[in-house]
Structure formats: structure tokens, C-alpha cells
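Read from first to last, the chains carry the letters A, B, C, D and E; within each, the first residue is number 1.
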Amino acid sequence: ADTAKIAVAANFTKTIEKIGEAFSQKTGHELKFSFGPTGKLYAQIKNGAPYDAFFGADERRPLKTIDDGTGLKESYFVYAQGQIALYSDKYPVKESPLQVLKEAKFNHLAIANPKTAPYGERAEAFMKSQGVYDAVKAKIVNGESIAHAFQYVATGNAEIGFVALSQLVDPQSPVYEKGQYWIVPQQDYAPIKQGALILKRGANNAAVKAFMEFIKTPAALEIIHSYGYSTP
Amino acid sequence: MVEIFGIAVSMDPIWLTLEVAGWTTLILLLLGTPLAWWMARLQSSSKIVLEALVALPLVLPPTVLGFYLLIILNPNGYVTEFLRLFGFEGQLTFSKTGLIVGSVFYSLPFAVQPLMHAFEAVPQKLLDAAATMRANAFDRFFTIAMPLSQRGFLVAATLTFAHTIGEFGVVLMLGGNVPGETRMVSIDIFDHVESLEYDQAHLLSAMMLIFSLCVLMLVYALNRRFGVKVG
Amino acid sequence: MMTEQTTHYLRGRLQLELGNFKLESGEFNLPMQGVTVLFGRSGSGKSTLLRAISGLDKNTRGELSFGDELWQRGKKSLATQKRHIGFVFQDAALFPHMTVRQNLLYGVKRLPKGIEAADFDEIVGRVGIADKLDRGVNFLSGGEKQRVAIARALLLRPQILCMDEPLSALDWRSKAEMLTLIEELVAAYQIPVLYITHAPAEVERLAQNIVFMKAGRIERVESLQEALSRADSPLFDDEGAVSVLQGRIESEERGLHPVVFGENRLWLSEASTADKKTVRVRVLAKDVSLSLSDPEHLSIINHLSAKILELIPEKKHRMLVRLQLNDGQKLFAEITQFSAERLGLEVGQELFALIKSVALTE
Amino acid sequence: MVEIFGIAVSMDPIWLTLEVAGWTTLILLLLGTPLAWWMARLQSSSKIVLEALVALPLVLPPTVLGFYLLIILNPNGYVTEFLRLFGFEGQLTFSKTGLIVGSVFYSLPFAVQPLMHAFEAVPQKLLDAAATMRANAFDRFFTIAMPLSQRGFLVAATLTFAHTIGEFGVVLMLGGNVPGETRMVSIDIFDHVESLEYDQAHLLSAMMLIFSLCVLMLVYALNRRFGVKVG
Amino acid sequence: MMTEQTTHYLRGRLQLELGNFKLESGEFNLPMQGVTVLFGRSGSGKSTLLRAISGLDKNTRGELSFGDELWQRGKKSLATQKRHIGFVFQDAALFPHMTVRQNLLYGVKRLPKGIEAADFDEIVGRVGIADKLDRGVNFLSGGEKQRVAIARALLLRPQILCMDEPLSALDWRSKAEMLTLIEELVAAYQIPVLYITHAPAEVERLAQNIVFMKAGRIERVESLQEALSRADSPLFDDEGAVSVLQGRIESEERGLHPVVFGENRLWLSEASTADKKTVRVRVLAKDVSLSLSDPEHLSIINHLSAKILELIPEKKHRMLVRLQLNDGQKLFAEITQFSAERLGLEVGQELFALIKSVALTE
């Protein structure tokens, strides 16, 4: 059995750990996950980090490793699609999400930083397309990652926020079955494709190859879906 | 937005950073001085506990500390409720106030430790001498202990200031990265790195380094010039 | 400047423990007039007592009052800065971050209204630091530091001036100048002084009363006269016994100053202050010779008729002879036992005490 | 993995953190002491520049500092090449070595500043006295200057140790968060927070706090007991 | 223990600037034998010179050599620790993080092989700190600290022992004990001493040679005899002129120690070391009386026949009379001008000098 080191975007931490467990049990290969913000993982890979595979939170940075010559182009695929949800425990976002946004009675609306996190970017784009962005613009606070944006809401510092569906459906989530949320319809925003690929140093690693296959199996997909992600 | 070497740089985060660092340093010197003086004069074992407590903010990763501060300072929490009693309005998080509160908390050990040790080194005999010249405790503190602890103040101020400039985790967590309000340089640089805008990141970093180097050199030079050596 | 002032008493009893050392003063009641010297061997607790009296040590216990101000009762004590005490520390304790001038003015600036500082220029000039006023105190020699410390305290005209070996680092000439200065200021401003010194000469020059200390206790408090009348006085050092005679000074004759007491007359070759009426003359016992007859052809001009009160044999084959002059004052003479035998001295015998004028100091 | 209060906690990051913090403290004291001594004795204006340079690592946000360290220490970079000349094999980044290198760099000011100020306060007269008793410069340093600077060492050691424990940005960047190899407690806590495992985060944070409190109290208590006050 | 040793010379010229103060010693060549005293007023640069000689100040310039060891040439100087110097600082400079014992042993441990430390118990006992060995030095009184500093340096038997006012904080009895101790150790171990003091009595007791300093310069270097033979010697303080007579001591008679020089004989009532053959007797000019005839019935037993060499009028109507004894030694007598006139003194006149035995100190 082999060991593989895999760099994974922080938002996918729990999901991939679950999948990894199932994988290890089945194949005997060992996986070591390193979690972090996607940009940071990318910088590490560019500077010689010993990762065998890279699971990003978007498509841009995994694809960039191919340009750099560290990523293997043929191994690239989209392993999950994130879904965004509008959450609040104060406002009736489930019934009238756009109304709540338009009235903007809240003090703060948390989103992930549109500049660095795809979830934030999509949330911002969605609000712009619905014409509510100008109403809430002044109330937006940016979390550095989607997890961070979620913390703002979960700790009550922001009354409302665009978070990842995965953070709401997790039974361990502090807001699990508290408050209400509205899943933003897929057709209203460009899909948040999360891309993954094998890196050059993992080219001959049997564990990596096996895992990249395993993650496309129904067993793995089920786990992915159960955490609130969709797949293409 | 200004252009430097053809790279667009937003100046807001820079001013904000300087402002927050300045306030934090000022507040910490104001709060830390009496605290350090009091601790320096304590004899009991409670001093040991206090010393350890003061050093604690260092032990938690700033982001985690920020997370807990987020919980403690949330608008429905006890701290905010308590402040409301004094007519405080608004919210501690996502505001400049919040940034300053977080930085003050996080940099506490850098201010208190050097001050305390400087105060402990002030010879008792000199304070005695001042007392025989009718200086009361306050007077002795301001005219003898403080000038003789000048070095301690210098270390405290530079560590605090520099540390607040480079502070990231706490301000990121507490501030909400609102452009023009709570986006500090450290976050700005980080965002540039994250979104692969390395040119801006390099430029901003270089600016911060050069600026800080100048400030620090100025402070140290002034200290050499006017400093006193005791003993 | 001369003001009339009633004498206050410093009374109480003080305790203070420092490690193994225990200060347990015992009851005392010191008239705060002129100079009171604390005298005792090294380590006997003089500095500790002075600190306790000044309220500088927080662990001081006991009672202390000055006049009708209560300074200490049990654990409660009046803060030092409220006691209006001046203090010259054994090791100067100058503020290193200030110039000499700033050191000197530190206390002056804090004087309450109604109390006037001594004249700055005068003190500074007399202490001999006028040319060093703008220097940092780290750039002074040992003696210079001590002088600044003295000036700093003198400027304040405190209620009590405490001085802990203030002259130890000075050369004899500076010492003499400083002693005169202290003496004059004490007289002019009526500042009572508590003074620690190891030098008997300083004691005899300055002291009104002497507090003898031993192993943390006040052994006894005596006036200078009393202290000197005992043959075993701790004041008598390697110079031996000392007598102090008091008399009326008369006007100069042929360069000499006659001092009259009873029928006797002493000629001093030196007398500093002409406007004083009574003077103290310090006579070392070993400067007194005895003669059975009034001798002639001798350079010694002071011949005092006296009666032997007591013959006290001493170590080293010496004999201390206690004499009574005819006005009742006592005088010690120290001679060898060999001489005593040769002259056949006995108690009650009348004879002449010879003292060289130049050996006498006021 | 152990269970504490029914919560599964991985102990690896804890041991790793203590190990890295220990090494960092040790190395910084070893490197920082001669540096601080040399700086304390310098008279020239180069001292001012040095003082400012030493404080610089504070000014950059740790992640950014980590980013630059990553670039500098990269396995094909000059530093690594240079070390290879001396038979160094392996890689400076993404290993325990990398963590320690990063922490040493980042905590430099916390070690050097207090040491330098402690050394400056050692009275010249005592060093002179030792010289007259045939103690050479080394001897004087070890027998006089060092014991009299005990407080400085204490501050330096506790600040460095505590700061390394709480270090996050640099180690995350340089270390790569590989479980069992470079995942330190700070990162672990952060990961738990990120993946909503708040129980684990709280527990780990509490453990770190309590442990650090104990260590700090012990250190301060020992210092009180055996400490010397100069002057 | 007594070892023969050739006398080394400390020669050179040293410069050192401290702020406004300029030490510019001028050429000197000091025989390092016995005690060499640096004497001068406060601020004259004594401490600075001693530091420069010890190599403690990096800015020292000039030349210095001890025997054939080169200690300084231009900017280059031999490190202090290689000079094998002992130093007692004006303010003790004890190591605050060590006990008294550790302070004492610090230097002992660093002695090179072949050099033996002085006997620990003896020194400690005589210095009087035996019961304080395990105390931290912060818990000592001022005098106790100074004693530890002295013991610390004495233990090392250095090539040169530098002492900067080592006795200033001691009471007279400790001072006397310490002086005897220093004297004896210097003799026993043949340690040359450079000694700063303000006390003429210490100078006369210890000094072989005296370096007079003024405003940063060495004014002159004289032997004690030379220094004392000048009427205006800076050594003469408020006690006035002093003579030192040297003679052979003979065995005790009736409790007195006869000291013979030429035909004259002085009776000392005190002599500390019976095994010495020649002794120094210190005579204060004011203790010497003059008589035209050899008087009787007088307690003064020392009557020396002498001839007047010179009559020196002084301030305060005094007269200093320089006498020659019949073995050629000089003696000062100080009397009033009134007496001089009364006795009709003239140069060349033969008369008797009277000195009380008890006034003489060895």
C-alpha cells in the first residue's frame, strides 16, 4: 500500500476526510490531507510542496498549476459543485429571500470575499443580477473563506449571510436545524466548480491514482452529496 | 487608488493600518502602564498568576483568538450589553473599534512585559529619595520611574506598533474585511497573494517594510540620543 | 532669617526586621534641636533606624510622633513625603536622568507655599558645584556626587534633616568646609539634624545629643557633655579621651582668643566666629600635660590650675587622669603610668594642667 | 487519537507543537544571545539599523512572511543550494526543519529585544570588577552578564515559546499542514473551526491555554524564587 | 611566606578624556614597593588615573609598562584580566547575584596555577565577615560591603593592588583593624599597593611614596619623608604639620618602648609589633612643645635636645618651628607666635622639644 499527500481546499475538509476513510478501508492505501485556503495551497505547490494531488475550491488555481508545469493536465476533473444558500435566524429568508435583501433591515450581511473565494464571487454576482446588490452593499462583511463567512453568521455577528449549503446540512453544524435558509437556485448563478488534478510528484503514486478513481464512484458521490455538494 | 511603478495600489488600507496601530499602541501604553506598574510592585504569588495570564493571548493562534473574540464580542453578548449600559451604540465587531479592541487584546503581552521588567529595575533608593523631597506616589512615578523606564516604553511601543501592523488573524476575524473600514494592509496583502496578484503583494510588502524600517530607525535613533542609562 | 522655634520631640519606639537583623529601638524621646548624631559600629542598625524614622520602609512597626504629628502607629504610617524630611543617602542616590541642576531643583519645586527654599546660589557656591550644574550626574566623581546630594537636601530646609554618612567620600578640606556649612545652616534655619557618622571628630564638632546604637537597639541617648564625661565613651577612638570645655570668648589679644571659665583662661589660636559669646573647646586628653609647679621657659601658655578627681589606669601602661577645674568643669589628661608614678600623683592633689594653644580646636 | 470528555483528539499536533516550540526557543536563545550581546555593546549608528532590522519580521503579516520565506527557502532557491554545499540534504520547507526555521525567523524580535535591553542594563562596574579578578570576556559574560540578565532571558524565552505555540501563518505556509509531520496545534484548531468541529476546537484551545498557563506560572514562580534584583 | 622580590617600576604617561575632564598624567616612574598613595582633592582625577592604569577604560591612550610587561602603547592595551591587578572600587562593586562567599571565591577560582591565594579563613576572620559568608550581598550594611570588597581583593595576592578609598565607609575601629591588616598583608606577600585616600592619617600610616594629583595631572611624586618635610605639604590637614621619625626600637622598660635615634630617646607607650627593629613614629607638630631648659615636675617624659633650623610664620598667629635633632632628623613644632616671642626663639638656638608619650603613634 502507498501513501499519498493531498492538498485540499479548506471548505471540503470534512467531506474528503469521510471519503478518505472509506477509501483507506477499501484499498489499504493511506492518505494524508493538508487543508488550507486554495491560494495558499497553490503558492505552496508552486514553491515545491510535496503534494501528490490538489483539490481546489475553484477551477482557476488548479488549472494554473498546469500552466506552471506542476499539474498533470489529463488528470483534471471537477469533483464537486458547491451550492450557496442564504441563511438567517432572524429574517424570513425561506419565504421571501429577495424581499429581505431588498429591505436590508439587518446590520450585516456576511459573504465570502468575492475576490478570493468563488462562493463569495457567486453570491455577489447573484445579488447584482437580482438588483439587490446596491441595497445591501454597505452592509456586506467579507469572510476570508466561506467558513469564515459562516462563522460571522453562526456567532450572531452578522444576522444574515450567504454560506455554503454544506455548512447547514452537516449535523455537527452549530446552526443545524436552527433558523432558516434558502437554497439559491442553481440556474441563478454559474456553478461553483471545484477542480482537482494529480500533481507531477504524484504521477507514479498508486494511492493517488486509486483515489482519483474512487472519488468518482457512487459510494464517494453519495458522501459528497450528503454534505450539500452537487456534482456535474 | 494610486499607481506606483505602474501597479495600482489602494491607499485606504495603509492609512487604516497606521491609524489602528497608532491607537492600539496609545491605548496599550495607557492601559499597560498602570497594569505593569501595579504588577511590578506586587509581591504576592498572585503576581505569578497575573504574569502568566498576561502572556496567554500569545498562546492561541490569532485566528482562533479572533474566533473567540467574535463569540465574546458579538452584538448580543455580555460585553456589548455591558457597554450599552454606558451608552455605547453600534457593534464591536466589523468596525474600527473592534479592530482596535482585538489588537489591544492580542498585543497586551508585548506592552506589559517589557514595561513591567523596566519598572522592576527602577532602584528603590531613587524612589525613596524622591519621597523625601515631597514627591507623592504619582509624582514619583511620573518623574522618576517613567523616565528611568524609557527603554521599556520604547520596547513596548515598537513591539506593539510593529505587531499591530503585521497583525492579521485577529483583525481578519473581527473586522470583516470591509474596504475602507476594516481592510488593513495585512489583509490586503493576503488577498493579493490569494488571488495570485503577486505584483501588488510584493509592492505593498516592500512599502510596509521600508516604512516600518524608517519609523523604527527613527525611534531607536531618538532613543540613543536622549536615552539614559541607569546604573 | 533667624526664627524662634520651639523644640519638638521625636518620640516613640520602632521595630523593623530585615532578614536576620532586627531593629528594636526601644522607647526614645529625642529633642529635635541642633544635631543629633546616631553613633555605633558598622552593622549596628543606624541606617535602618534612620530609614524607619523617615517612613521609607513599609515594614516598620511601632509608634512614632514628631511634635504633635503622629508619624507611625502600628502598621499605619504617614507617607514619607508628608513628613517634610530631608534625606542625604549613604550613596548619594542622585537621579541619573537629570542634570545636577535638575536634581537640586527637584525638591525645591515641590515645596509647599509658605516654605521658602534656601538661597540656591549660596548653597551651590558653598558646596562647590557651581561649575557643574549642567552636567549629568553620571559624570561626577565620588566626592562631587556626595556634595550634590548634600546641597539637594539643604536647599529644602526640611523639618528634620537626615544625613547618612554624608561626608565619607570627601577630602578633609571639603569635609571641613561642608561641616561649617551644615553647622551654619542648621543654626540659621533652625533645622534639626539626624546625622550618622563614624568620625568622632564630626560628632564632637556637630552633636548636641548622641544616640548610641548597638545590635539594633538604642543603647542610650546622651548629650555631648555626658557622653564625653565617661572614660569609656564609645566616642573615644584612637585619639583617646576627649573633653569639651565651654567658656565665654573675649576679644582678641596678640592674635590669641582668650576663653574664660571661672578663674581659668585658655588661649585659643583660632576661633572662627567672632560674634559668638560662648564657645566649645575640644581638648584631647593626650594633649593635656600635668605639672606639679607652674613651669616657665615653656612654649605652652595655657596653664590651668586643677584638682585630681580620679586616676583611671588604662591599657598600654597609660593613665587617664580626671581633673576638675576650679569652675567645676571636668578635664581629662592622659599620661603614662610611668609619669604618674614619677610625679607621685594622688586623688585630691592640686596641680597644673598644661595645654598647647595650637592643639585646641573650637 | 485519545478521547477526552468523549471528544476524539489527535495528540500528534500537540507533541509536534511542543517540540517545535522547544527547539525554536532553544535555537533563538543560542543565536539571539550572542547577537543581542554584540548589539548591546555596539556604540555606532549601525546599532540603530540593526535594532530596526531585528524588529522587522513583526511588521509583515505572518502568512505573507511565510509566503516570502517559502519563495526564499524553496528547494531550488539559493539558500537551499548554499546549504547543499555543506552536505545538507532534503528540503527546508514542508518539514519539521522548515517549521523551526520559520518560527526562529518570526520570533527573532521577541528573543533579541529583551535580551539586548537586559544586557545593556548590566552595570559596567561589575564587569570591570570581574576583569580585575582575571575573568576574560567570555568568563565575564557567563558569570556576570548572563546571571544578571536572567529576567531578560526569562522574557525572551516565554515570549518566544508562547509565540511559537500560537504561531499560525508562517507554519501553515511553510509547513504545509501535513498530518503527523507539520500539522501543529494552531493549525489543527483552525481546521476544526473551519470544518465546524467546534467541540474539538474548544477542547484543544482549552488544553493549550491551561497547559501554557501552568508552564508560564511555573517559569515565573521559579524566577521569583531564584531571581536576583540588581541595583 | 616572606619572599624576596625585586622592585618593579610602573612607568609611562597616560591620557584619558572623560567629557570635559582631561587626564594627562605626564611622565611617571613609580617604584612598586609598599604602598603608593594617590592624593589630591575631590575631582582631581585619582579614580580616573587608577582606572587608566588598570586598563579599565578603553579610551586610555599613552604608554604604560610594569617591569618589563608592556601594558599600554598608544591605543593598544593589555586586557585588564591579564595584568593581574587587584581592585577595590570606591563603591564596593560586589556581584549582587552571589553570596558573600561566592564573591570572595570568584577571583580565587581564576588564579593561574602557581599563584596561591591568601588564607581564606584568616582574611575572612580578620576582615570581620566570617558570620556573613552565606548572605546575599544586598543584605549588608555599607561598611560590611566595603569589607567584603577588601577581602575579595586581598585574597588574590595580585601583582598590584589598587584601592579606591577602601575605608571611607568604616567606623574608626574597623578602619584601624583594616589598616593593620592591609599593612601586614602587604608586608607578608610583598604586594605593591596603589591607594586612594583623603585621610592624611591613612597616608602617613601606610605610604611609602605619594603621588600628588591636581586637575588631572601628576603634580609630583615624593617619598613620605620628602612630602612631610615641606611646610606646605598638602598632607597637612586640619591637624597641621606632621613629622615622621625613624628609629631603632629597644626592649620594653616599665611598660614603655624606647625608640633610639642618635643620642635621643623617645618613649612610646604603644608599639604594635615587637619583632620589628626600626619603627616609624608619627609626631604632630602641634603635639611638640618647646622649652628653653630641661623642665622638671612635668608629666611629659620625652625631652629631645634640638636646634632650630627655621621659623615659619603661619596663619592664625601661629609659628611652625623646624628643628633638627642631633642625629639629623627633622621635627616640626607648632606653637603660637606669642609663645615664640615670649621665649625669644631664633634660628640656630639650642633647646628642648617636649613630646608626650601618649601623643605618639607608631
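Convention: contacts are C-beta pairs under 8 Å (C-beta built on N, C-alpha and C of every residue); 3 or more make two chains touch, one makes a residue touch a chain.
Remember, predicted model here, so these are calculated numbers, not experimental data.
In summary, no chain was found to touch both subunit B and subunit C.
Taking the definition of touch as given, a chain qualifies here only if it contacts subunit A and subunit D alike; those chains are B. Our note on geometry: subunit C versus subunit D, Cα centroid distance of 60 Å, whole angstroms. If you average the Cα atoms of subunit A and of subunit E, the two centres end up 91 Å apart. One finds 20 Å separating the Cα centroids of subunit B and subunit D. Once the centre of each chain is set as its mean CA position, subunit A and subunit B turn out to be 35 Å apart.
Residues of subunit C in contact with at least two other chains: 91. Multi-chain contact residues, meaning those touching two or more other chains, occur in subunit B at positions 67, 123, 187, 190, 193, 229-231.
Shared interface positions of subunit A, i.e. residues touching 2 or more other chains, are given as 40, 43, 151. You'll find the chains touch as A-B, A-D, B-C, B-D, C-E, D-E.
Partner subunit A is touched in their complex by these residues of subunit B: 67, 70-71, 73-77, 91, 93-94, 172-173, 176-178, 187, 190-191, 193-196. For subunit B in complex with subunit C, the touching residues are 123, 125-126, 128-137, 139, 143-144, 147-148, 150, 228-231. Of all the residues in subunit C, the ones that touch subunit B in their complex are 51, 54-56, 79-82, 84-87, 89, 91, 93-97, 106-107, 110-112, 138, 152-153, 156, 158, 162.
By the touch criterion stated above, subunit C contacts subunit E in their complex at residues 18-21, 40-43, 47, 90-91, 135, 139, 141-144, 147, 165, 168-176, 198-200, 237-238, 240, 254-256, 267, 269-270, 285-287, 289-293, 295, 297-301, 316-318, 333-340, 342-343, 354, 356-359, 361. Across the complex, subunit B is touched by residues 45, 47-49, 51-53, 55-56, 58-65, 67-68, 109-110, 113-114, 117, 120-121, 123, 151-152, 155, 158-159, 162-163, 165-169, 186-187, 189-190, 193, 201, 205, 208-209, 212-213, 216-217, 220-221, 224, 229-231 of subunit D.
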